[in-house]
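Same chain, two partners: chain A is paired with chain B first, then with chain C.
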Partner chain A sequence: MTPMNRAASVSESLDRSAVASWVRGRGVYVAFVALLIFNLIITPNFASVATFSNLLIQVSPIVLVSLGVALAIGTEGIDLSVGSVMALASAFLPLYLGYGWPVALFVALLVGAVAGLVNGSLVAFVGVQPIIATLAMLVGGRGLAQIFASGQLLIVSDPAVLALGQGRLFGIPAPVIVAVVAVLVVGFLVNRTTFGRYVVAIGGNRSASYLSGHPVRRTLLLVYIISGLLAALAGIVATARLGASDPSNIGILIELSAITAVVVGGTPLSGGRVRILGTVMGALLIQLISTTFIANDLPFTWAQVFTAAIILVAVYLQKGRGAA
Partner chain B sequence: MEQRDPILKVRRVTKRFPGVLALDGVSLELRPGEVHALVGENGAGKSTLIKVITGVYRPDEGQIFLGGEEVSFAEPRESQAAGISTIYQEINLIPLLSVAQNIFLGREPRGSLGLIDRDRINREAAEILERYGIRADVAAPLHSLGLGVQQMVAIARAISVEARVVIMDEPTSSLEAREVETLFGVIRQLREEGVGLIYVSHRLDELYEICDRVTVLRDGKVVHTGELTELSRLQLIAHMLGRELAEVEAEGATGFGEEHEAREEPVLQARDLTQRPRLHDISFDVRPGEVVGLAGLLGAGRTETARAIFGAEPLDSGSVKVSGEEVKSGSPAAAIRAGVAFLPEDRKSDGIIPDLSVKANIVAAALPRLARAGMVSEKAQNELVEEFMQNLGIRASSPDQPVRELSGGNQQKVLLARWLCMNPRVLILDEPTRGIDVGAKAEIQKLVDDLAVNGLGVILISSELEELTEGSDRVVALRDGAVVGLLSGEEITEGNLMEVLAHGGGSEYGTPEDGNDADE
Partner chain C sequence: MVTRSTDTETAGGDVLWRERLFTTLQRRGAVVVLILVVAVSAVAFDNFLTAQNLENIVLQGAFLGLIVVGMTFVIISGGIDLSVGSMLALGGVLAAQTVEIFWPLALILPPLVCSLIGLGNGFLIARARMAPFIVTLAGLLGIRGLALALANEKPIGIDGGSPFTWFGQGQILGVAVPIIFVVVAFVVGGLVLARTGYGRIVFAVGGSEESARLMGLPVDRTKVIAYTVSGALAGLSGALLAARLSAGDPNAGLAWELDAISAVVVGGTLLTGGAGSMSGSLAGVLLLSILQNLINQVGTLGSYAQQLVSGVFLIIVVVAQAYLTRRGTY
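Showing the complex of A and B:
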């Protein structure tokens, strides 16, 4: 049996890996650049600072939550709750502004970490499937957020908080700076630390990872806490940009954009690999798709169909590695 | 047993898989009212034979006759309809449905309007259970019952279809002693009714208690078939393991390989390891520089013992000491810190992380040591990887090649490197040479020998008698999760080993039970 399987997987990896793995790893860059060039030619007024600035600001919250989702998917899990955790952080933010903006930000981040802790505990210690545990948080989290905010939209006027969404540093929009810092930090965690090694080992072969002495449960817990923190950060940025806390609408369906960004970016749903830069490019690509359609006055519904096609292509390209 | 026309006849069946001849001209006759034991070690072809009979696989050559007529099943459903019922080791039932619903799953009696007649299901299910002396509430959801009872329900389901042939694949592996008795009651009842049974098990006691005839498979061939009572346990084991009795007796003591001088105090002390129902009071020592073999047939508890020592299986009771210090049980991480290393049996599912590089696979266990403040030192890691790839002769295009692309032997060396770079005190090897080519096999055996010479304590699990007798300084024999014998030095011969596996009783840990008690 063993030699047979091996022979099959070796031959399969030989004929597919050369082309497919190159495309799989870098297809998202190719697609992004192609669409960029397309826009430069077709779309009126595309080549302006304002256009790019807007694109980057809009994509920042998606990038933030995608990083956490990428970690979860890397462990062969998933985090569906990111949008609701954004709403939770957004709901708590104005409630504590009376104690000063540092306290309010801290509480908002803490709420995200606690939500992640709950997700992580269910996954790591109770053994609930990640999709179920985070689905519960997706549903319950937003409910809680609306309860705490009394279902209302609250105006946020603290200048320090607003700066996170609307300010600029050396001309660079604040949300973009936050996202870039997060990308660098998570990229460092994934590529340089034992934690990052544990994440891909657990996703690659959980049993082997456990038998190599890896702290499987602690790592899973940490993954979901980090994802919760990043979602809270995204919630803060989105709230600051809007100038209001709106738990009913903030982060709605963002988990789907995040999963798309992660998968299109080359992180397989079966885990065992995390591509941070690919995830960023994936997020940029789907944002650019909707920008393209909107800027050219095409019906937005077609942008969704186009995105769906991109997802299918990405998943198809990943199929090749299933045999191993 | 009087000669009757066989109810099931397998004639010269051959089944090939790419690169493997799984069945090679296998013939088997099953008479009505007989319990026919089908035995053989891993890879002997038992499962393939069952799958050919039940229509999961189609034979490449040969024929199958059921009740005198040639049959050719395209899928399992057809064999079931023809009266062949199979009970697998794993329970294939639906946990949330009731016992009765499970028994009638897919063939529910219908009432008026074509609706399922629930009362009738419950009534008939109760009758079936009653008939075979199985006690269970037919309305209870299946998952609320113990594993053993669930297994009995699976059996009830299988026999309630008016089967002419019943195949049981290790039906007792999850049963308690009392439940085994109930099962045997069911089997005797079926035998009375003229059903032919094929019974797969590794438990010799059970075979001799319930089976009439036996067919032994090895490497896809029938190596023996006949009345079980005419076959001693020793002969049966000799057939299974492929060692001719006369040859073994003539060879006598072998004494291959290095004799290692055991020094000092034991580096590993396992005491009374118990994990019901699989392990019972297993105790043994390993001294530095010593290779201790764990012998036993499939299902004897060798792997479970290894995993228990490594902290990967929870223990009901017992303790493990490394260099005199007790290891906190319950996590491999603690065992690793204490200096224990474990090369698992299933390289693919428990060993390699297929998509990661050779490098990442080698340093997997050493990560905590290579890291400062949570960061992995690239330099220290590369040095380690380079050293061990060279020492073990790991052939890969580069340290960054995904490990899944390596040959089995090279993957095994990667896993050995993973553990040897930890400088362990105790190395547990579970089937270290299974499924790898002859050259790599010899290299790994030599390596183990060298490691022991250098003072490592080694536990060696192997299904190959040769490997155990040549490689071990002492051998602990296990049967049904308990130590039944201990051989050392000159005593370690294939003949002695088979004797102990068959009857128990060695120098130190002998058991009183003697087993020439064949049924009838």
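Showing the complex of A and C:
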């Protein structure tokens, strides 16, 4: 091999590894755009405002809970309880509407914060593993929600609350606005504050973080409280969209979608990194997969199989960065 | 991690004795609680200790129990298997679809197919070094989708006259057949875990994978076998449940992975791996089953309260475990 050839081949392999690592980091964007283009060509009536508006409205609750789950995963934890916290917030909302909608919304958010406080205390102070602490909340939380609602569906007709799910501002659906604001706030917290640095440091190495004098327990507590708040917000939006509080069904299995969105979006389960935009993209990708299958009259169950394959491929690709 | 070993050394025998008591309580706590719960229930409820009720309790826990045996191996090896509930559903659907072709197929095919899926899980986890949580989460979604697609999203009936239904509804010497399956699974599983080289390696891998690898133990093979067994037992459980219900339901076993994990954790097996016992897991399954039975007996508690009680019970157990083991946390 001549030196020239060798140089060429080296630069070529450099190119290839650069492309590979770019795809690894941005795989979720590539997949989303590819699926979008596929839909624009194949799916009838896909390129309409209504389609995209629906996609964004449907993905809003998933985005909200995914943000909290992303924070928890960033600390090398997890929050399985988000769906049940949604149900709890949804159950409490109509009970306090008699005192006016601000009180009802406040109570619903408070319930989410308290659930997060319980999760966070167990994780930060008692030393229970996050998966178990939030598993107990997943099981018990929904039971509690159903007890408070007597297992019934309660109609919510307060116009101010309904506006959160069905209203529009400058033509943009309210749930989308709520989700975008939440993404901006959490993105700011993660990327621009010391709290965000602590989250990543704890996920990277909890002992080292503690020995560096970081407020580990306070940060963990705060992470689970924020996750609880976001889940409660998602519960409020979902309730408003439905026009009813339905604690038996609201947010069921959403923790799986959220974990999928976070992981596909490039946040490693081993913690130490949080990708907010990737998480949003991950959520959009999952929703787009469902939309694609439904819009083309394909059996929805195969969408699940397809999503599973996406998860495996995404995580396999990320593995190269020591992230799996 | 901060351990209290230094305290033990300096403070002498008294502390050592307490340490031992705590460790025993943590490891055997589930068995102690089980005995207490049975004793209290026997006094409080007249028809608790009847043969009929006891059989109900055990039968109720039998299908979950089969899954728990596999889950115990997986969790002690430091992993987790979230796909078991979906595999149970797939097993049931496969059984219902093959029973009319040749009924023994309905008993053989589900464990076989699910063990192959478990093999795939294990291969991705051990060889491709992917996180168990994610691989089996994908399994949870994908296999459930597969089961639903195969069954057209509806339960498939099994002819009640088929000999296959005996495996769910029949009896041997007055004992229901699924109970015999689960007892055999726990005995064999317990012996393999505690008395064989494979069992020791499972503990070693869960304790410290790197050390196990450096000692030259077959880490990858051990993990792959654990997930394969977990799959096979989930498939078998699905087939037996289908035989019991005379139907293969693609929605069966929803969230059972969580029940199985609860049972294992309640049984004193640490989710971090490297410690645990089959007897603890058995006690865990029975406790969950008794809890449900008691709630039904009280009657005034609705089915919603059942979930709340399960959640609170799980928390009490793990908080107690956390204090008993007193793992240092930052």
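Rule of thumb we're sticking to: the second predicted complex is superposed on the first by the 299 of 324 C-alpha atoms of A that agree within 3 Å, B and C clash if a C-alpha of one lies under 4 Å from a C-alpha of the other, contacts with A are read in each partner's own complex, and residues count from 1 in each chain.
Rule of thumb we're sticking to: a contact is a pair of C-beta atoms (placed from the backbone, for glycine too) under 8 Å apart; a residue touches a chain by one contact, two chains touch by 3 or more.
Quick caveat, the model's predicted, so the values are computed rather than measured.
A.B. asks: Return first, second, both or neither, reflecting whether A:307 touches chain B, chain C, both chains, or no partner chain.
C.D. replies: second
A.B. asks: Under the stated touch criterion, which partner chain does A:256 make contact with: chain B (first), chain C (second), both, or neither?
C.D. replies: It touches chain C, and chain B stays clear.
A.B. asks: In the superposed arrangement, which partner chain does A:154 touch: chain B (first), chain C (second), both, or neither?
C.D. replies: neither
A.B. asks: Taking the superposition as given, does A:316 touch the first partner, chain B, the second, chain C, both, or neither?
C.D. replies: second
A.B. asks: Who does A:210 touch here: chain B (first), chain C (second), both, or neither?
C.D. replies: both
A.B. asks: Counting only touches as set out at the top, which of chain B and chain C does A:128 meet: first, second, both, neither?
C.D. replies: The second partner, chain C, only.
A.B. asks: For A:192, using the defined touch cut-off, is the partner it touches chain B, chain C, both, or neither? Pick first, second, both or neither.
C.D. replies: In the superposition, A:192 touches chain B alone.
A.B. asks: Of chain B and chain C, which one touches more of chain A's residues?
C.D. replies: In the superposed model, C touches more residues of chain A.
A.B. asks: Considering only the contact definition stated at the top, list the common interface residues of chain A for chain B and chain C.
C.D. replies: Residues 207, 209-210, 324 of chain A touch both chain B and chain C.
A.B. asks: Provide the residue numbers of chain B that touch chain A in the complex, in ascending order.
C.D. replies: 17-20, 43, 310, 312, 331-333, 335-337, 342, 344, 348-356, 360, 364-365, 367-368, 371, 374-376, 402, 404-405, 407-408, 418, 435
A.B. asks: Taking the touch rule as given, give the residues of chain A at its contact with chain C in the complex, in rising order.
C.D. replies: 78, 122, 124-129, 131-133, 135-144, 146-147, 151, 206-207, 209-210, 216-217, 256, 259-260, 263, 269-270, 299, 301-305, 307-309, 311-312, 315-316, 319, 324
A.B. asks: Taking the complex as given, what residues does chain A use to touch chain B?
C.D. replies: Going by the criterion above, the answer is residues 1-10, 13, 192-195, 197-198, 200-201, 204-205, 207-215, 272-273, 321, 324.
A.B. asks: Per the contact definition, I'd like the list of chain C residues that touch chain A in the complex.
C.D. replies: So the residues of chain C in touch with chain A come to 80, 124, 128-131, 133-135, 137-146, 148-149, 153, 258, 261-262, 265, 271-272, 302, 304-312, 314-315, 318-319, 322-323, 327-330.
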